[in-house]
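The structures considered in this document are given below.
Look for chain A in each of the two complexes below; its partner is chain B in the first and chain C in the second.
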Partner chain A sequence: MPESIKDKVAILGVGCTKFGENFDQSFEDLVVDAAYAAFADARIEPERVEAAWLGTFSPYAGHGKASVSLADALRLYGKPISRVENYCATGTDAFRNAAMAVASGMHDVVLVLGAEKLRDRPIRGLSWEGGHPYQHDGLTAPGVFALAANRYFYRFGGGREALAKVAVKNHHNGSLNPKAHFQMEVSEEQVLEAPIVAWPFGLFDCCPTTDGAAAAILCRADMARQFRDDYVLVKGLGLAVTSGRPWYDPTFEYVGFTATQAAAKQAYTMAGVRDPCKEIDLAEVHDCFTWTEISNYEDLGFCRKGEGAHFIAEGRSKLEGDLPVNPSGGLKSFGHPIGASGVRMIYEVVTQLRAEAGPRQVRDAELGLVHNLGGPGAVACVVILGNQ
Partner chain B sequence: MSGITGYSVYIPRHRLSREAIAAAWATKAPSGSKAVAHFDEDSLTLGHAAAAPLASGVEALYFASTTAPYWQRSAASLIAACCDLPAEVATADFGGSLRCGATALRAALDTGKRAVVVASDTRQGAPESAEEMLFGDAAAAIAVGPDPGIAELVAAVSRSDDFPDEWRRDTDAYVQSFTSKFSTARGYEANVVAAGRALLEQAGLEPARIARVALVSPDGRAHLGAALALGIPAGRIEDPRLADVGITGAAMPLLLLAQALDRASAGDYILVIGYGDGADAMLFRAVRNGDRRLAPDPHGIPYPSYQIYRKLRDYLRLRVGGAEVSNVLWEREETQNVRLHGTRCPRCGLVQFPIARVCSACRNAEGLVEQPLARRGRVFTFTKDFLYEAPIQPTVMAVVDLDGGGRFLCQMTDVDAGGVEIGMEVELVLRRMRESAASHHYYWKCRRI
Partner chain C sequence: MPESIKDKVAILGVGCTKFGENFDQSFEDLVVDAAYAAFADARIEPERVEAAWLGTFSPYAGHGKASVSLADALRLYGKPISRVENYCATGTDAFRNAAMAVASGMHDVVLVLGAEKLRDRPIRGLSWEGGHPYQHDGLTAPGVFALAANRYFYRFGGGREALAKVAVKNHHNGSLNPKAHFQMEVSEEQVLEAPIVAWPFGLFDCCPTTDGAAAAILCRADMARQFRDDYVLVKGLGLAVTSGRPWYDPTFEYVGFTATQAAAKQAYTMAGVRDPCKEIDLAEVHDCFTWTEISNYEDLGFCRKGEGAHFIAEGRSKLEGDLPVNPSGGLKSFGHPIGASGVRMIYEVVTQLRAEAGPRQVRDAELGLVHNLGGPGAVACVVILGNQ
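So, the complex of A and B:
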């Protein structure tokens, strides 16, 4: 029986930049802003950091490739730094690696930082470096998830109306969040009438292309009280990988993501969560596209497969619902700078557990879940955080 | 005795009406439409589509075109690989003259081997020219060999004549010509009539014995005069398909021959004559009734305007970019990407693509067997993508469950996006994907059956 990480690692502090089209900020600006916000929140000097993990997905213009991007931005030299890349689950996987290093006793205080400067690039959407030169020609990020959404609707019925409810909810939550990329409400009609990007996804079903960075300072749980009383504890971690080319896998049903199901199971077991819908107080999940959030409800065990549309329609994932999902506004509204997103979700859950979320505060938040999903639903990371 | 063992025609699905061309140039239109290669088609892909149904087990594959995509790289060899033929197949590329399709057919018959001869052309007329109105795109393939089940070769003649009536230099994008009565009389008519007469004499046949004539036509009219001069009654002349396909260059003699074979009755004599810098003529006798399956395609998709046609014609040429594919990767993945092989698990029977070392279903890693995949299947799921940069939106991406196993991802082409459904039957077709600085890139797409 493997040892659980539960209660061995504490989050001392978190930091996050404003997400959006940060045209006046460089990659280094984002890194410095997020890191120093986290240092201040954790009440530590930068020198206290013994090791660091950088999460970036897509290097560009000399930034984001290897550990040096973090070392140079912070002038953090002579220490162990690793760059983590694991598709869109990059941020949470960087966090996971840092947490394991602390739990092992190898380091006392470490930094995790995710950053991405997508809007510097001359292209729309995401580029896919290292892809096959022609096997996937025609496939875009929304297209990848649309393949699953269309099969899902074929199996379980429903359609764009269910998706629109996710967009409306997450835009509402984002409108309460001063750091979100979008801070405006949208109506169901607006969502349904928007131009189609990749059927069944219209413009408001897709997360934006965003700049941003987020950071967290972790330390051994048994020394956390030296820094602050209201630290947050890591209760469970899970990471699961399935096929990065599900379109070739004849055994894949294409109605949800087994990677999420497996990662959630790992994390729930470690955290001792038996009934996630009852025990989890809030969740930040990977809503890269509105349908992904619906599938996440099911894959994370909040409801049964095929019932995600009811879960949103009944308002259960709203801020005032019994399991608020994406109180931050989610990727949909907060934005999705790939490598930053997972760490940003951790920032949000920590903020909620410390009851510092202002108008979007979830009542009585004690146990929060973070879920990151990468590639074509192939890499899932689940982190469960809790108050002491 | 060698002869014909099979025939196949591929006419691209898209059409451009001559009225649309005339509207663009504010001129008068001849009637009808021409068949046009879609933006992702060229002479090689048209040729593959025509040859593939006949290619199984052949010893030779000949490709003939005046518009081959490479000056130096054999279209015949690439088509042979796409048809999954072994390295021992004899391939040859014919070009240089408009009669190369007929020349290739004669050459294949001369070898006595089991061969497929495919002729394909996508000739471009200069904007606002008569050729632009006339030229259409098509490919046709004839399978030949000993023990012909369809028609046996009775006689064959060739003529060489260096007469400049129509030509294209290595530097020309468009055909050059002297269009005049003199050109038609001295070039086309003189050669096809002489070749036809020589052939009848060789066979010892009166013209009235000829049941069907597959006579190429430079303009949809001149062939009538030539047939009259040969003494062949008008009712026996194959329609050159000017009205719905166009003047199809190197493909034309084989296209018309396939048409004649399709409608022949056992015992019919069929004459085929190709013209260009001389002539190649062959006389066949049908040994069985034709299948009567080559009905004109009623499903042509009209381009909405001439402007759309121009945009699509130029799209790949004007969008050069992306990485070259190293010949190391090309070679290692050839059986998979070009020959469409996958892997079958001997333990659980799962068939998968791409070629795998470990089974996706049972994780067995022992003795997985490479095998060719079926090129037909059903749509498992799909999307209609407006983000992907393409000349026509949306781009339909489909996950296809292939008959007999294996799941494949590809674009859908020749498609009305509104009609795409899960469960729809599709076939895999070779298409041109993109242009890099040094190469054309071909891969598989699917289209509705």
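So, the complex of A and C:
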């Protein structure tokens, strides 16, 4: 039987750039800003970093060349740097690989960095069937998730009003967050009246494309206190991959994501979480579209399948609710530079667990969850972090 | 201090497709062939695989979609699959991440799979300065390595005759290998008279572009005997990244690769190797160009800098030499499907350590080295494998 690595890895520090249209920053500038913020937060000199993991989805779109662009930006020469890519779960999977490396004993102090520049020019590979006729039929990211949302509403009832509540909540949280791409409140009316992108998603149901980077410094838990007392521990890790072409399976019912369910199960088992709704104090989840957040509530076990619209309507996922979700503002208002998002979510949860989140601080945050979802719901990564 | 993971991870089995112009096989076909050969060799059922690492450089060039294409090809659903990319060191770095995951205790039995399809259509990203004027000046892969080779010959003397000896040796070894892309002997005259690609490299100084896949099954060493007695142990791991733009550094002397030197030092330290020339029984090294193999001899410590041409001329790296290099035929004749190559080298070293290499078998093979080099010599990964 595998041995648990629960509590063997600590997060010493985190860093995050302002997310947005960072036309004045290169890929390397973003890397430097996020990494040096994390070095300072972890109270380590950059030289202490023994190895690094870079999460970036599309470095060949003109910005960055994976491991070498991290080496060049930080002058981190002669050391191991891996690039991990896993669709929109890239950032959390880079973190997961780094955490296992630290737990193995191979390295004591490592850097995880997620970065992506999406605004300068369009990137290839964001449609799942490049060159396939399906792409021409609308199977873009909004198209694929819209299919699922429509199926979900057909099965469980409800509609765009439920989605609008997610947008309103996440824009409210983002309005409190100086690093968010969009720092503005929106009303339900604004969301419902916005131009349609792919029914049932209007403009405010879709996360933006964004530039940004985030970083975390990991360390063996048994030496973390050398650096700071209030480190955060890795409690659970899960990653699951399902089919990249779920629509080819005639038995597939597109009302949720088995990848999220499987990744959450792995992470809950490792962390010893039996009742996530009661035990998890806050969650940063992958709200690429408003409906995705509703499905996430269910797939992560915060409520039962089909009850997600009630969960948001009852205000349970608001900042002052019993299980605040996306206190950062989420992908919806914080933005979604693909490889950066997972690490940015870890940044938020660590900040919340240390009670340093200011006006968006969640009460009594002791155990937090991070969730990334990638591809057509095909890849999910769940990370559970907790105080000592 | 980090703890060594030496001898904690075993290789239970390996698999490899025929390399070549595999127009009749999809990316998924290659994955299936390599993986099922490894399952059979490891004497495990596919269901035993708990997690997987896919090494592929350019899945978005039209073949494969990283983790999901591995999941779909093998029906490996609901489990963790990471994609690792690190230029031409992609395969060995995927192996390295998988080995650390096993050593951490997180997973008992995992799959590492390297795959790439290069023949169907050209891939983007093979030039280091995409969109940069340098690319138009010839900084392709042959161009970049030719710069170094010319500088090397200027500094240490010698020329194309030394390169030809590498091509002759590796084509001879490849002629003994039924899985090699090219299974034909070449003469020094043929090599020297071939059309020039980028001086001093002629056609036979360059590795081909190739389709192929290779796989390895890793397992905790303390449970390996459940599956087979003659497993191979991971003795050393090293990865080093240097600048992706070495030519911008005016102090840089382009006569070898500090990435290889640093990665080898890490791996030798972990494996306890003090005199590689005496202790290493065989090596599979990254001969993307014939000169690269000569530099590798030096950078890996098989001889001193500047003595590589003597090392090949004296026949020391031949099959019957005292340190056989590339008994498989090397990238030169085996081919170089980028993400597959590192895992294919591991396949060869495991086969040699088990004394199953037939007519290309190296004598008394107990400790073998695998070396990948990527980018403009910017990324190197070294893996040392040994018998129990």
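The definition used in the following text is that the second predicted complex is superposed on the first by the 367 of 388 C-alpha atoms of A that agree within 3 Å, B and C clash if a C-alpha of one lies under 4 Å from a C-alpha of the other, contacts with A are read in each partner's own complex, and residues count from 1 in each chain.
Here is the rule we use: a contact is a pair of C-beta atoms (placed from the backbone, for glycine too) under 8 Å apart; a residue touches a chain by one contact, two chains touch by 3 or more.
Since the structure is predicted, the reported quantities are computational estimates derived from the model, not experimental observations.
J.: Which of the two partners, first being chain B and second being chain C, lies in contact with A:Leu147: first, second, both, or neither?
T.: Touch partner of A:Leu147: chain B, not chain C.
J.: Pick one for A:Tyr77: touches chain B only (first), chain C only (second), both, or neither.
T.: Second partner only.
J.: Can A:Ser243 be said to touch chain B (first), chain C (second), both, or neither?
T.: A:Ser243: touches chain B and chain C.
J.: With both complexes superposed on chain A, which partner does A:Thr251 reach: first (chain B), second (chain C), both or neither?
T.: Only chain B; A:Thr251 stays clear of chain C.
J.: Mind working out whether A:Gly174 is in touch with chain B, chain C, both or neither, as first, second, both or neither?
T.: Neither partner.
J.: Now for A:Gly212: first (chain B), second (chain C), both, or neither, which partner does it touch?
T.: So A:Gly212 meets neither chain B nor chain C here.
J.: Tell me which touches more residues of chain A here: chain C or chain B.
T.: If we count touched residues of chain A for both partners, the winner is C.
J.: Does chain B (first) or chain C (second) touch A:Ser69, or do both, or does neither?
T.: So A:Ser69 only meets chain C here.
J.: State whether A:Pro324 touches chain B only (first), chain C only (second), both chains, or neither.
T.: neither
J.: For chain A, give the residues common to its interface with chain B and its interface with chain C.
T.: Shared contact residues on chain A: 124-125, 243, 245.
J.: Provide the residue numbers of chain A that touch chain B in the complex, in ascending order.
T.: Those in contact with chain B are residues 124-125, 133-140, 142-143, 146-151, 154, 195-199, 243, 245, 247-251, 254.
J.: For the complex, give me every residue of chain B touching chain A.
T.: Listed in rising order, the residues of chain B that touch chain A are 322-323, 325, 329, 337, 350-354, 360-361, 380-388, 390, 394-395, 397, 399, 401, 405-411, 422, 433-434, 441, 443.
J.: Per the contact definition, I'd like the list of chain C residues that touch chain A in the complex.
T.: Contact set of chain C toward chain A: 1-5, 8, 50-51, 58, 60, 62, 65-72, 76-87, 93, 96-97, 100-101, 103-108, 124-125, 128, 130-131, 237-245, 258-259, 262, 266, 375, 378-379.
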